[in-house]
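Next up, some structures in structure tokens.
The following pair of complexes shares a single chain, chain A, combined with chain B in the former and chain C in the latter.
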Partner chain A sequence: MKRTPTPPRARLRPWHGFAATALLLALAPLLVNDFTLTLLAIYALLALSLAFVWGIGGVLCFGQAAFYGLGAYTYAVVSINMGGSSVALLLGVAVAGAAALALGSMMFYGRIGDVYLGVITLVFTLLLFKYVSSTAGSAYAIGQAQLGGFNGIPGFPALNVPGLPDQPVYGLGLYAVVASALLACWGLLRWLCQTAFGRVLAGVRENELRAELSGYDVRLIKTLTFGLGGAVAGLAGVFFACWAEIVTPEVFSLGVSAEIIIWVLVGGLGTLWGPMLGAVLLGALKGWLGTQQGLDSGVVMGLLLMAVVLFLPRGVLPALLKLFRRPPPEGPANGR
Partner chain B sequence: MDQTLVSLFDLIYTIATLALVSAGLALVFGLMRVINLAHGEFIVLGGYATIVALQWGVNIWVAMLLVAPLTVGVFGLIVERLVIRWLYGRTVDTLLATWGLSLAMAGGLSMVFGSTTTGVPNPLGPLQLGSFQVGGYGVFLIALTVVLLLTMYLVLRHTRAGLVVRGAMQSAEVAAALGHSPQRIYLLTFVVGSMVSGLAGGVLAPLVGLTPNAGGQFIAKAFITVISGGSSVVAGTLSASVLLGTVSKFFELLATPVVGELALLISAVVLLRWLPQGITSRVFKGAA
Partner chain C sequence: MAADTVVHASGVVMRFGGVTAVDGVSLRLRRGELRCLIGPNGAGKSTFFKCLSGQLVPTEGEILLRGDPIEGLALHAVARLGVGIKTQVPSLMNALSVRENLWLSARSLRQRSAAEVQQRVDELTEQLGLGAQLQRDAGALAHGQRQMVELGVVLARNPWLVLLDEPAGGLTRDEVHRMAELVRALTAQATVVVVEHDMNFVREIADTVTAFHRGRVLAEGTADAVLSDERVRDVYLGRAAKEPA
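Presenting the complex of A and B:
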């Protein structure tokens, strides 16, 4: 009997979704104004960072906002002191990534369990929020940058073309930068999932003990994953600073951390694209709710989180997709 | 001499507040392994229940000591039936669901009461201590905390109900085989925990300006106190409150209140790094 090979065009490849998203991102400014779109793309980047750490790495971080805020604050402080944005951008990512590496190594090398990990990341965020909120007055300054306490840091230089401080990037240009960064980070993380590192990471998520007994250093792998997630969140923070043109301690608040978790959970745990889509949809919903009188967005988000945990623990988007898609005939699902 | 006494009073007061805020959460976490992230909002709800009762002309002591615990107890009952009972044994899911509850409650409270600070009059005047004055209400708060913790200890340790509850937490199956319904025990434990949170809210209402978003301050402190304390309800809460309260007060005297709070949070993180199961995993093991 002859084997019939599967027709090559029948299967969706990862780059199909990638190309479709790129096309969508390129066409979106025709329909929606770039100010809103930039923010949604930043949200997507932030969701991507937690989707990688939690969905792929299996580490639930309750304080992703800490790295987001660190990126934003580092950018503001450095750009005021240096005048330009290129070094500030790199440093923002580096500081957030380094903080995540340090915190991660402390937790994972200490073999701290799930719940306690949640507590420590939560406390870390609160710590930053409290400290930064208390930095009012001229005593708290880094170089020429006043930290400004609860009012935050306004008026730092915007993102500019590398090497040309007189050429600021804003509006559609900023959107293009953020969208490309989003695609690049997605591509990078997606690629990472397929490398040897990514496969070991999946193994750790599924069965930590077995991975460890097979000779992999689980602590190192988790720490690196956490650090990478922190760096991506830091990049999102840098872009947020450029978009908002002011950074306030609000970026460290628990509400932001909660929102990131809701995006990821609604979008579907274990995929990268789902949380990004979840962030865009819920970010748009939140923007719309903000214009409504008498309805607090916290109520909607909170009820949504409860409903998802109770009824759709695999996420809303995967559940919707399942309704439309027949079960795949063979091989692993190409969801990621 | 008097100066030392006042400092000591301040220290005990800090510790008592910490223990009071954490007691309800400790009960629910220590016995059921359920972390209620909406605990802070439960406290705030107790505070608002007191405020509303006061506006309706209820005596302030009745409002604080009866209305607040009962209101939050009923609310806890509803929450347990609708949400928590589906999630027993799924710690992370419980964390997420109660976080959602916390957001929804904070939003709901600010829709009803507006996001302004509401005050409650302080019912007790100052007390003379040597040549210094201390707040009479602070003395009341310390006494109440002592009574509360003592009651919790005695009930858990020396009554039949306490025995059944502790037994059900150790092995629900054995408790069920002996004719006690674990579901009912979980429900009652959660409701009692909620009532303790409500009591804390009512009693703290005259001391803190309540806003709908005040839950965040409580949950952070309560959460780390309970986790640092470990699984023994009373001993854990007490030892963690003493340790963290002393650290925070010490640094507050050295620098500013913010530094004190930071020191509290940092010491909790460091403590968890060395004793991931909390203080009572090493000392006071097996106490209630």
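Presenting the complex of A and C:
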């Protein structure tokens, strides 16, 4: 009997995901208001930074909020002093990236173990939180920018069209900028994962000793990864400052650090898109819970995390992708 | 130092707190030599091996590779000198395929082009018989296959000094024989140091043997001379071995 050949199932290619994400970002304003969407895109960018550092580089950072906060504060301080947003944006990214490079080099060249690395990054965030919280009073100022202690820094210039300080970007325009940056950063990091550096990074994540025995300087590779992740988190911080129009020490809080880790875990550790999805879903859920009476958002989020860890231990995205994957061919040559 | 001496360790001491694991060991290796380090558990051979490979920094003494001291060099820098190291428990990148494991090691030599890297991977795949495993995750392989893949990873960089820690450990008889052939063939291009417990394997491959006992060199010489040395039989093979049954 002649067998009818089974039609091959559609295979996902990298550009499929990129095109679908771009389309999703472009159409989202038709369904959700741009104010909420911008915040969700900022969350996604922040989640992307940890997804790269932790999921791809294997470095669990408990203090990603530190670089997020540094980006936000740097933007506020520089924009007040310089009047425009372009330099402030660049410096926000640069300061966060430089701080991550400095902290990373101390930890990785100092051969700090994974557990202590988690503690150090957490303490670094809390130190910043404590310090910035105690900067009330006129003595704490950088140029014309008062740091403001718990009240933070309000009233700094909004994001503007480069070179045109009188043309602020807000509303749908701000969303378009953030969404474009998110897409660009995701594309960049995804491309990086496919390069030789990305493959080495995967090797370092899998077995540091073997990578070193093969002649790779693991300390340098991890420091660069940490620095890049910090810079992306800084960019998210800059956008957050532009969106909120105020920065407070809350950006350095333990809650923010924990949230980022939860986004990555729920979305799917080891992927870049999954944590972005996790950030959007959980960010939207948190926003909705905030409007409900009788539901504590902390309890609901905690229960959700437990459910995901128990039933989808690899996260939401890997579980979804599994549905679309072709069954592997038989035989020993079956592979990745 | 003699012209053909490529490894020269002198007065190496390694202490861990109050325990002296290696106590004043000196060793010279000639170009293309195959040296086996043997000794009972706790004799200090693995610790000395780790000093030689840069994984441990000796408390005292000096190690020269081709005349250059390795003191102060990070592990990756020792590897970049042209040293290939196989660990006691196969150390591979488990979630990556066998091809990726070989490729990552082969491309770590910066002067190689992409085509040369691929050529080296192909050569090793054929030489070690890894064709059927090439696309599989290294973590999914059986122990014997992992030993072979790790040997490939070590050789991918064309090292001039190959350090192998128990390459025959956990292998079947056929695999041991195959591994012995491969290790013997290495001497055409590299100096080889092997730490091994399997005496049949040592007899099969060794030019020269150094026997360790209590952190010191007990005997050194040709395989036949060392393995038949009374002192070595006493401390390593056990006194009962020389007594009639």
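Following the convention adopted for this analysis, the second predicted complex is superposed on the first by the 301 of 336 C-alpha atoms of A that agree within 3 Å, B and C clash if a C-alpha of one lies under 4 Å from a C-alpha of the other, contacts with A are read in each partner's own complex, and residues count from 1 in each chain.
We take it that a residue touches a chain if its C-beta (ideal position, glycine included) is under 8 Å from a C-beta of that chain, and two chains touch if they have at least 3 such contacts.
Note that the structure is a prediction, hence the values are computed from the model and not measured.
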> Which partner does A:299 reach: the first (chain B), the second (chain C), both, or neither?
Replying inline: first
> Which of the two partners, first being chain B and second being chain C, lies in contact with A:143: first, second, both, or neither?
Replying inline: neither
> Which of the two partners, first being chain B and second being chain C, lies in contact with A:124: first, second, both, or neither?
Replying inline: first
> In the superposed arrangement, does chain B or chain C reach more residues of chain A?
Replying inline: B
>> Between chain B and chain C, whom does A:214 touch in the aligned arrangement: first, second, both, or neither?
In response: second
> So, A:290: does it touch chain B (first), chain C (second), both, or neither?
Replying inline: neither
> Thinking of the overlay built on chain A, is A:309 touched by chain B (first), by chain C (second), by both, or by neither?
Replying inline: first
> A:203 contacts which: chain B (first), chain C (second), both, neither?
Replying inline: second
> What residues of chain B sit close enough to touch chain A in their complex?
Replying inline: 35, 83, 86-87, 91-93, 95-97, 99-108, 110-111, 216, 220, 223-224, 227, 256, 258, 261-262, 265-266, 268-269, 272-274, 276
>> For the complex, give me every residue of chain A touching chain B.
In response: 60, 62, 106-107, 110-116, 118-120, 122-124, 126-127, 130-131, 134, 254-255, 258, 261-262, 265, 294-306, 309-310, 313
> Which residues of chain A touch chain C in the complex?
Replying inline: 196, 199-200, 202-203, 206-207, 209-219, 332-336
> Where on chain C is chain A touching in the complex?
Replying inline: 74-76, 79-80, 84-85, 87, 91-97, 100-101, 103-105, 107-109, 132-137, 153-154, 156-157
